[in-house]
Structure formats: structure tokens, C-alpha cells
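Letters A, B, C and D mark the chains in the order given here, with residues in each chain numbered from 1 onward.
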Amino acid sequence: MPEQRNPHFEQAVRDSFAAQQLMATIGARLARVAAGEIEIRVPFRSDLTQQHGFLHAGVVTSALDSACGYAAFSLMPQGAGVLTLEFKTNFLAPARGAELIARGRVVRAGRTITVCQAEAYMLSDGTENSVATMLATIMTIRGRPDIVG
Amino acid sequence: MPEQRNPHFEQAVRDSFAAQQLMATIGARLARVAAGEIEIRVPFRSDLTQQHGFLHAGVVTSALDSACGYAAFSLMPQGAGVLTLEFKTNFLAPARGAELIARGRVVRAGRTITVCQAEAYMLSDGTENSVATMLATIMTIRGRPDIVG
Amino acid sequence: MPEQRNPHFEQAVRDSFAAQQLMATIGARLARVAAGEIEIRVPFRSDLTQQHGFLHAGVVTSALDSACGYAAFSLMPQGAGVLTLEFKTNFLAPARGAELIARGRVVRAGRTITVCQAEAYMLSDGTENSVATMLATIMTIRGRPDIVG
Amino acid sequence: MPEQRNPHFEQAVRDSFAAQQLMATIGARLARVAAGEIEIRVPFRSDLTQQHGFLHAGVVTSALDSACGYAAFSLMPQGAGVLTLEFKTNFLAPARGAELIARGRVVRAGRTITVCQAEAYMLSDGTENSVATMLATIMTIRGRPDIVG
């Protein structure tokens, strides 16, 4: 019998995201939660920049990682914990613009390992420009009351 | 004739790091600058955490990325710009402890492409525990007055 | 003035592929050549397997790497050389079936750096099953008569 | 009670390597087996080359992947199966020379996930030149009689 996905996944994602204090620190918000798909947005702020005035690669990666992790988590059973094993990010263009949009989706969800892919865009004058792409490996943790969400 | 490295690389690294506003935002400081080797430290702060109370993967990656980028930059000629093309991070253990230490070093420095490796540790009661490892590809930008440092 | 793409890119790709002796050794053929998109096929052979009887990750990666490299090369100017800087492969399922299909495409082509993405499938009874995904960074080499193609 | 490592790991590694038919096809041999450390050697052959006459990135990666996988496997319990989840390879120099040497080692071995690092060298006139570096994520499979070794 296949394991049941968490029927309350949206609330579980929102609760866990709210517990990621870094997301509040960088001004990130959860813009969309669907089964296997997450969108996170981060308005540009000058205190998040690298030396040329663009968003730092670490900020772009923070949003991409959370988008991947919650895309995976949205398909996990109730009570599971989510853990990023590793990710790779390619930077395609300087992250300049008004708002960062990070969209993560599940490529393949296995019992223990989920592979996710995410894209980052900068929104400028209504146009989205691709700035980075991530490929990530996420693990489902079971039976660990200290690692839930 | 081989290209000359920037004789003032330490100051150039310090100036560029000071211009990365994200580093101040997360409380990161440049702990060591040597030719091809950089150490960055970030004291634990609860506003930098993920949902289980450990430092967020994005914070660890921010420090590792800057450590790799400046390790590469320290070997570049004067007036060059430094650009992260991509990186991969593997997470080895939860980032719990008093202070994050990110150490980056150059694996191979080419004319255009530099490959760097970095390790992240959490310092707890005087002991360093390995929490992540990064492999990064960095590019040297020349002749672009808008991308210096 | 933007640099002109090689108008004879298809022949250039086919000539370079034919010079990759490994492709003949593993029985790989160039199934499709388009601007920015390449498909390579490798029929299953037991002498290409790992210990469980599936295609070895190295064979899957060889096909994905050539698919990415030639997707990038197809958009380069005449006389350029193509060099893989790095790649990451995630394995999604065991590579069992009759034929490996590797499809590479350009995500972003810059003057020096091209980012490519590729998918690998195994064909079984007319169905394609996803087995791996690659994200690769490719470099354009100019003015090096020893590195053309 | 911690799980016991396979006391016969060397034989288990040698048996599994012998079952990887690709290794014989490319002429690879197991040069060293130790707990958590593996060396594989592949003499240069022109039928393993890319278009410029160097060893193909896929051959280098095949040797690095097997070196990482068996380094991880050497620390696993008896009866376990080894599975590569993903790897990233950076290429540092053209793979020219008489023999490829791939050395893999375990960075961190967990119950389910092992992270490995590997270096590739080309041996020329007694000198080893670094040509590639890999960072890999390996999984331990338990209780699957169809995936042992």
C-alpha cells in the first residue's frame, strides 16, 4: 500500500516556512504552495547585495533552496522531516531588478530521496529575467520527532 | 610573460568584502586573507535559522560562496572582477553551534576560470565540526570597468 | 555587432562527434542535431553495465556530456573549440531498458560561458523512462587552432 | 549498538568491481582497496578519447564514480547495496598522458547517506597531473536482495 501524502500539506508548508527565521530576515514570502510546486519571492533590498550591487548569490540560493525543500516536503507523508542533502546552482545573469522569484518543483519523488529543480528570475518592469537554476537532492526523514517539518 | 597578480590583493579583498552588504546583514567577518585562501566567520544568530533552529543552508552557502570567490579573487590581476559561475554544496551535518567558519581555497587558477573548494565548520565549545563542503567555478572578468572587485 | 553563429554548425557537430572515439566504443550515435539541441542514443549492451546489470552511471554521463557539449557547440562561431568546465548529474532510476536517449539543450548561451541542461531516458517497449538529469557549464574557446571543434 | 562494517569489505569491493562490465570495457583496474579509500587506474587508449585526442570526460567520470562508490561501499555493512544518487565533476586540465588515476575517499559516512570526494590525475613520465575533481552523494541500500554490492 503506497504511503499517503499529507492531506494538510499546504498548512504544513506554511507553518515550516514561518519557522525559517532567515526567510523573514531577508524579506522572503511564500507566494504559491501547490503539490510539488513552490514559489518564493524576495523584494530587492540593498542590504542583501554583493559588491556590484546585485542580490548576493547566497540570497538567490537561500530562496531556491527553500523553494526546492518545500516542493519536496509538500509530497511527503504527515510527520515527516525535510533535509537538503546537496544542491548545485548555476548563475545565468546578475540578479538585478525589483523582486527575486524562485520557483521550485519536484522532478522525481522517491520514498527516501526527492530530486527537485528550481529557477530564479528577477522581475523588472513586469518582465521576468532568468538569473539562476538549481538542481537539488532532498531527503525524507521519518520517525524523528526532533526533525518534523 | 605571465600576468602579474595584484600586489595589493589583501586590501582589494577587504574592500570588496566590505561592499558586500549581505555580509554585514548576516554578521559575517573576514577572519583571514591569504593568497588563494580565505576564512569567513558568522556567529550564530537565531534570525538566520531554518525550521529546526540550525543555520539555514543559504547562510552556510553565502559564507562558502564569498570564501571561494575571494580565494579566487586574491590571485587575480589588479582591476579584475570576480564572478561565481556555479557552485555545489553538500551538507554533512546540521549547522548547530556558536559560530560558522567557512574556509575557501583555490584548487586551480587558470587565466579565465578558477576552481575553488571550501569547507564549513560549526565551532562548539572549542571544537570544529564539519557541516558542509562546496566545489565552485569562478570566472575572472577583465576590461569591464563596471565589474571590478 | 553580434558574433555570427557557424552557418555550417550541423556538419561541424557531426565531424566533431565522429572524432570522439569513445562514442563509437560505446555504440553511441547522433540521433538529432538542431541549433541548441542534441540527441544521442546508445543501445543497451551488457559490456557497458555496472554491478547490477544496468548501464553504468559513467556511460549515462558520457552521453549526457556529449549532448550538452554539442548543444553548446551548435551555437558557437565557426572555428571555436568546446570545453566542458563541469557538470552535475542526478540519477533518478536504474538505467534498464533497450536504449539510452540523452537530450541536451542550451539554457543560456553567453560569449564565453554556455549553461546546458540534459535529460536521459531509457526506452523500453516504446516507453521512455527518465533515468538522469544533468546541469553543465561549457566554455567557448577562441583563437586556439589546437582546440577546434 | 552501532552497525558493524563488513569485515570482508575488500573481497566485496573486488567482487562488485569485477561485476561492473564497463570497467573491463575501458580497461580499468582496481589498484588499491582500503577502508574508505579506493584507487582505480585506466591506461590511456585512443578509443576512449574525445575530439581533441584526450580521454573523454565520461571516461574520467566513470573511473571517479566507481572510486567514490567503492570507497563508500567499503564502509557499509555486509549485504548492503551501493547506489550513486548524484555527482559533480570539475575538469581542471585536459586528460592527456599515459594513465588515468582516480582516487576516491569518504568525506562523511552516515547510516543512509555517504559523501565522497575523488581526484583524477594523468600520469606522464612519472609525474601526476591533476585533471578533475568529483564530489558525490552515495546511498546505502538495505534489505533489497536484488541490490547487493
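General observations
Please note the rule applied: contacts are C-beta pairs under 8 Å (C-beta built on N, C-alpha and C of every residue); 3 or more make two chains touch, one makes a residue touch a chain.
Every value quoted in this text rests on a predicted model; they were computed, and no experiment measured them.
Between subunit A and subunit C, the least number of touch steps comes to 1. When the interfaces A-B and A-D are ranked by C-beta pairs in contact, the top one is A-B. Here the spacing of subunit B and subunit D, counted between their Cα centres, is 29 Å. In whole angstrom, the spacing between the mean C-alpha positions of subunit A and subunit B is 22. For the pair subunit A and subunit D, the distance between mean C-alpha positions equals 32 Å.
Annotation for subunit B: residues touching 2 or more other chains are 85-86, 88, 90, 115, 137. Those residues of subunit B that touch subunit C in the shared complex are 85-86, 88, 112-113, 115, 137, 139. Per the touch definition, subunit A reaches subunit B in the complex via residues 16-17, 19-22, 24-25, 46-52, 56-59, 61-63, 65-66, 81, 83-91, 146-147, 149.
Interface residues of subunit B facing subunit D in the complex, by the touch rule stated above, are 88, 90, 92-93, 107-108, 115, 117, 130, 133, 135, 137.
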